[in-house]
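Sharing a structure with you now.
First chain written, first letter: the chains are A, B, C and D, and each begins at residue 1.
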Amino acid sequence: MTIAAGIDVGSGAIKVSIYETGPDGAETRHALVAERIRRRDPTVVTRESWELALKHAGMVAGDVAYVATTGDGENVPWATGHFYGMTTHARGALHLDPTARAVLDVGSLHARAMKMDPRSKVLKYRMTSQCASGTGQFVENIARYLGVPAEDVGARSLQATEPEMVSSICAVLAETDVINMVSRGIDTNDILKGIHMSMSLRFAKLLRSVGADGVVLITGGQSRDVGLLATLREALAKKAKNLQVEVRNHEQGIYAGAIGAALWGAWRHDYLARKEAS
Amino acid sequence: MSDPASALIDRCEAIVNDLDHTSVADWKRQSDGTERKAVGFLPVYVPREVIHAAGFLPVGVVGGGDALEIIRGDAYFQSYICHLPRSIIEMGLGGKLDALDGMIFPSTCDVIRNLSGMWQLLFPDKWAWYLDVPQNLSPRLGGRFYAHDLQLMAKELEGLGGLEVTPERLRGSIEVYDVHRGITEDVFALRREAPEKVPTWELYMLIRAGLILPVEDHSELMVEYLESASKRTAKRRDNPRVIVAGAFCEQPPMGLIRTLERAGCYIVEDDFSLGQRWLREPLRITDEDEPFGALAKAFLEHSAQGATRFHPDGEPKGEELVRQVRECEAEGVILASPSFCDPSLLDRPMITAALDREGIPWTGFKYAENTGQFQGIREQAGTFSDSIRLWSEAS
Amino acid sequence: MRTVIGIDLGSTTTKAVIRDEDGRTVGRGITNSRSNYDVACAVARTEAMNQARMRLLADAIGEDDELAGRAEPLARSLDRAFRHEQHNAQLDELRKQCEVAADSGRAAERTDLGSVLDTIFDQLKVDAERMFAPLAESRSDFFRDMAGSGYQAKAEQIADPETLPFDLLLGLYDQAILKVENAPGDLSLEALGAASLKRMLSKRGDSDRVREPLSAALRRAMAQDIEVMCEVGTGYGRVRLPFPKEQIRSEILCHGLGAHMMFPGTRTVLDIGGQDTKAIQVDDQGIVTSFQMNDRCAAGCGRYLGYIADEMNLGLHELGPLAMEGTKEVRINSTCTVFAGAELRDRLSLGEKREDILLGLHRAIVLRAMSLVARSGGIDNQFTWTGGVARNPAAVQALKMLVRENYGDEIEINIDPSSIYTGALGAAEFATRLAGEA
Amino acid sequence: MKDRSMELQKELISGHYDRLSRANDEGKPVVYTFVPGNLTELMLSFDALPVLPEINALQSGMRKKSGGFITAAEKAGHSEDVCSYVKCDLGMMEQGNIGPTGKALPKPDLLLLSYTGCFTFMKWFELLREKYDCPVAMLHVPYQSRGEITDDMREYVVKQLREEVIPKLEQVSGKKYDEDRLKELLGRSAQAEDDLVWVLESAKHKPSPIDGYFGGVYYIGPLFTAFRGTPEAVEYYRTLRSEVEQRIADGLGPITPEGELKDERYRIVVEGTPNWTHFREFWKMFADERAVAVASTYTKVGGLYDTGFRHDPTRPLESLAEYCLGCYTNLSLPARISLIEKYVNEYEAGGFLINSVKSCNSFSAGQLLILREIEKRTGVPGAFIESDLVDPRYFSPANIKNRLESYFQMIEQRRSGRPKSIANAGLEASP
């Protein structure tokens, strides 16, 4: 029995998970917490989220054998060890969907694709470089500008009839594109879907370049966005016919990094204990 | 207890970070009031032996790094050209290269090639020389042309007030550099054997200082470092061993090298200083050898396989890197290229193909000498090291 | 009054300048372009018209014997009351739209939102009293900024993670502000003049004495005709203006000419706007001799500062002053707008002070602009800085320093407080010339 | 109605692609090489068929296929930062090597690397060699860094021709080197070159009967590619010349995509490679303002003839060497500037435009200094725009139009000098 926690310090939100693993490979969840940072001090949000997770799990810090950080969490003072984002997202994705063989993590300021083997070993990965129009923050900004609540974005995108793509690679210029669309009277749903489509094109490119095959799980903050899911499926069907991919999402996709960190933490704890013993 | 090696590196750091090249100006001033001369050269490779033989101080100019604010340099280069030339222009216009009496532009790529012409226009009073290194690698064709080109350059240096580059003098200089080559390789060997004793950022500083210091002084410095670093007792960590390749011209900022190390990688071989290690073996010149020809021959036969040199028919590109991986017992390769660097970036698919054929893990990214955000690179290098570490143990 | 109008439809703000026959600027208007372009133009134009009419009003007040000697303070006070009325009119509209939003979608399930909105807006009205009091601190030009920061601050106080999510309240605002910006209602002096007068008088002890003469002056001012003889448009969105081709001028020419008009000795012009930066060289007649502009990448432009201000929950106009409190410059290399926020957080987490980071950010922006200037041919005496970012004191400080470091102390640097209107001013001058030919 | 020369050119090109599509089957030796420093006469003297990957790339760009090819190459690991010609070519191969006319392109038997004026050529053929596993003949053409062709340089190139290039051509063609045949071809080259120079220089007339940049692209085609030394090329240039003579006699301006350009208003010298994906759109931006490109440097990349060089049958290999050494991109930056300065003065240009393409360091590195120097030396205002060769993502019509518009308005404003006519400038242009 090993209890481990994963803390994923992101640029948009802090995610915490507490898991227990058994010798038989059972993985039991005790807590999942996600808290947007929104201009607060990330270290404060991290501590609060951590305490909230302990509360949900009904535990105290001493109960957790290994606290693993990921994302930007290298400096969390009470952590035992750190794993990097792609390692943990792959692990977390596998936990959420054991059939997943590739992961598309769309966070607030980045997007990345990983191809992994059945044990979540990352075989290949690609990240979006420099420019940021294909990320969560961008969608969030645009949604705010359009006055659409974040959780409605997906549903509204699905209702679009004549989507119009944004062309700019830069998030700022893309914003201008959107402003122009509004002024031309383009329907909000169509704009949202247009954004999803251009994001999806980039994501399809990422997935293709890592050679994704089989089930692809979307993780990260955008994983619940059904509109994105739909356009990504369309994009892959069109642009990557030869890939046999099936894109899925998961209710808990946003926690994938935190879950993966906890599971790797538990593994590492047991590994070090074994090493100690021998 | 202070670590003499660290103190030495501090000295190197001070020399490297002194963008005004005061140490060069100091070297030029003789006690009898006369002046010696110094000649700068750009990456990747220039035979410093010739400059040395003319009695000049060869000074490698690789850009201002992240400490230099670029204002005028950007006025000469579009955003899609690598960072190196703008930084060099900035230094030139800002008077930071005033200590140099001339500048040599080797035929590394079109950017440096065109920079040679820009230099003539911007600094009409300074000597500027374009050194066309041969791309036809047959000794009778490229070799002859190159030896002749070097002779021309030596004549120019003479005209600039240098000593006549006689065969004897040039042989002497080649010997001095042979010694330097030997010690350089020893330092790299120590890092290969015990990367915990020779952190790459230290080695990097040490070698960078060699672009500025007189070769004799630098050899001494390296010997000292070698002695003291080999006595270190640092504990080896469970980090994967990697090779960094592709960063042979524009240099990454120090923060980037440190980031790679912090993300859990032992760098056991790199090509940051490819130009200084271009000729891989001592020339071991004899009194019978015609020294210009010997330099040309060494260039054709024993130089590093850089992206800036034509890769002749025969062994596919990347095989040399694969060999290096084996020799260094490296577990992976990090391909780091300057943004917009055609030579480095166009090579990459051929190199990764070779690595893939051998099942050697690799990862790649781009940088600029003034990259300020290392987050993405840290993630990437960290994941790379995670995947090597976790999976070599887990499987 | 016979006038001409210059309109600068910028990427972030839309500016209008009205000049009279003697070439005097009689009115200026500004609004954010972040809405329908036509509306933006109409708003800026109305605003400029309001000012022109205010000027007529001031004249009318001055003509009145009873009010003589007090004309200026009276006009100022009436102007303030008018702005207050405008603000309140928009607040009312915003409140109405928030209520509409609260009755739709997910929010409709809640019954408590109405009273929450009441609380927020009542407080915003109270705040307005303070904002428009005499001697009040500087405030933003934009309703979106003023109302937005107020609303968010109030919403944050009221919100509770368990029972009343902040996101929900923010969502209402987001939906409402868009509607208000696109249909701001009638904010002209014609519409609000009477109410403004009333507001002004309600605060005065001498209201009985001045009421009649002021009303009369207002009536007289309103009765005057303001004839627009010609309009010229420029700026990023100029092609969308419904003008014939000859009434559209490139923003390069307009900025060059506008700068020349503000400072006739100008030889080099730098314009940093919302999404682009231009470096322009002009001759002694304001004729452009060469120029450079950056495009494709919005790094280092005004929007960058906008992102930073958003990130720090500050108004744009507060950013510069805060940076000026910094004592050491943190070195920032990337000016990518999108990653600005991340970089900021990065630095904060490394323990840097936010004033110091801001100081570094401002330098980074100006540095970028300086290389563009260098590209266009460097700086010749005199150097004039135009565009919105020139309103930011920290940017001004950084610019002065860099100019001195690179071009010496002899360069005279011109920065006009109304520099943001330079393009519109240039356009207005083109309009004058066109009108003169007709 | 199309000009006869246009038809001739179409026939020439499609005929060549037809021959190429059969080459592998018919056992004809196929040699890939580059436009600058291409040794067409030498190749033809061995009956080898030249393939010019740059031309394929630019044709793909004009036919709007390059975007897909580039994506394919980037997918295969190429960076977005590097030359898009290379990526377009590799992407095309990746997708079956179907050439611009829809016919398959043959595999190379030899990659003749005329390493002239561009570093990327070397990488390009290294990459192609990996795919095709065929030999590379490296012809290192030294850079004219000191603004002149020295004897050493010429000798080095001639020696490489003799000892590296010719033996490899003999090997792949199974034929012996035949100098008489080469001389015959070179003689015809010189003839065509005379006519080309005449046509390009006709732009000195006012109004100019031709467009020396956009139109120039069509004029240089046959001579810069696979046809130098052929009778067809001679005929093409004869015809072209007589057509232009007629235009001058009739006082006509150049033909543009919008029809004939009347009342030329701006005479511009252009430096830099055109953008191919939006070629017509770009040209139209000029034509709409009634701007004519009177001279350009791009039309000199495959050979600089207007400063006097001709292929010379009496010195076959020497003149080939000089040809290679003299291509525009092999000139030092100061020499490039002097050439442009000369064009601005001789063609009486009122403006000077640099189209800086992201792909090409050989062209682009240093162009901002060129801009300054030309402005300084000639007093003519310059404009600088940025685009790319065949990567459609890097052509932003709105931005470029905005700049050009501002630029032409500026020339107009400066030309008139008096404020009053500034206001007039726009009026005159509106319909």
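Here are some notes:
We adopt the following convention: a contact is a pair of C-beta atoms (placed from the backbone, for glycine too) under 8 Å apart; a residue touches a chain by one contact, two chains touch by 3 or more.
Just so you know, these numbers come straight off a predicted model, no measurement behind them.
The pair with more inter-chain C-beta contacts, choosing from A-D and A-B, is A-B. Note on chain placement: the centre of chain C and the centre of chain D lie 49 Å apart, centres being C-alpha means.
Chain A and chain B have centres, each the mean of its CA atoms, that are 40 Å apart. As a whole-number value, the distance joining the C-alpha centres of chain B and chain C reads 52 Å.
Multi-chain contact residues of chain C (touching two or more other chains): 296-297, 339, 342, 375.
Across the assembly, chain A contributes residues 72 that each touch 2 or more other chains. Annotation for chain D: residues touching 2 or more other chains are 368, 386. Taken as a contact graph, the chains are fully connected, with every chain touching every other chain.
Interface residues of chain A, counted against chain C in their complex, comprise 11, 38-39, 41-43, 72, 75, 109, 130-133, 137-138, 144-152, 170-173, 176, 179, 182-183.
Those residues of chain A whose C-beta lies close enough to touch chain B in the complex are 72, 82-87, 110, 119, 121-122, 125, 127, 129, 264, 267, 271.
The residues of chain D lying in touch with chain C in their complex are 368, 372, 375, 381-382, 384, 386, 396, 399, 402-403, 405-406, 409-410, 413-414, 417, 419-420, 422-424, 426-427, 429-430. The part of chain D that touches chain A in the complex is made up of residues 71, 74-75, 393.
Note for the complex: chain B touches chain C at residues 66, 69-76, 79, 370-373, 375.
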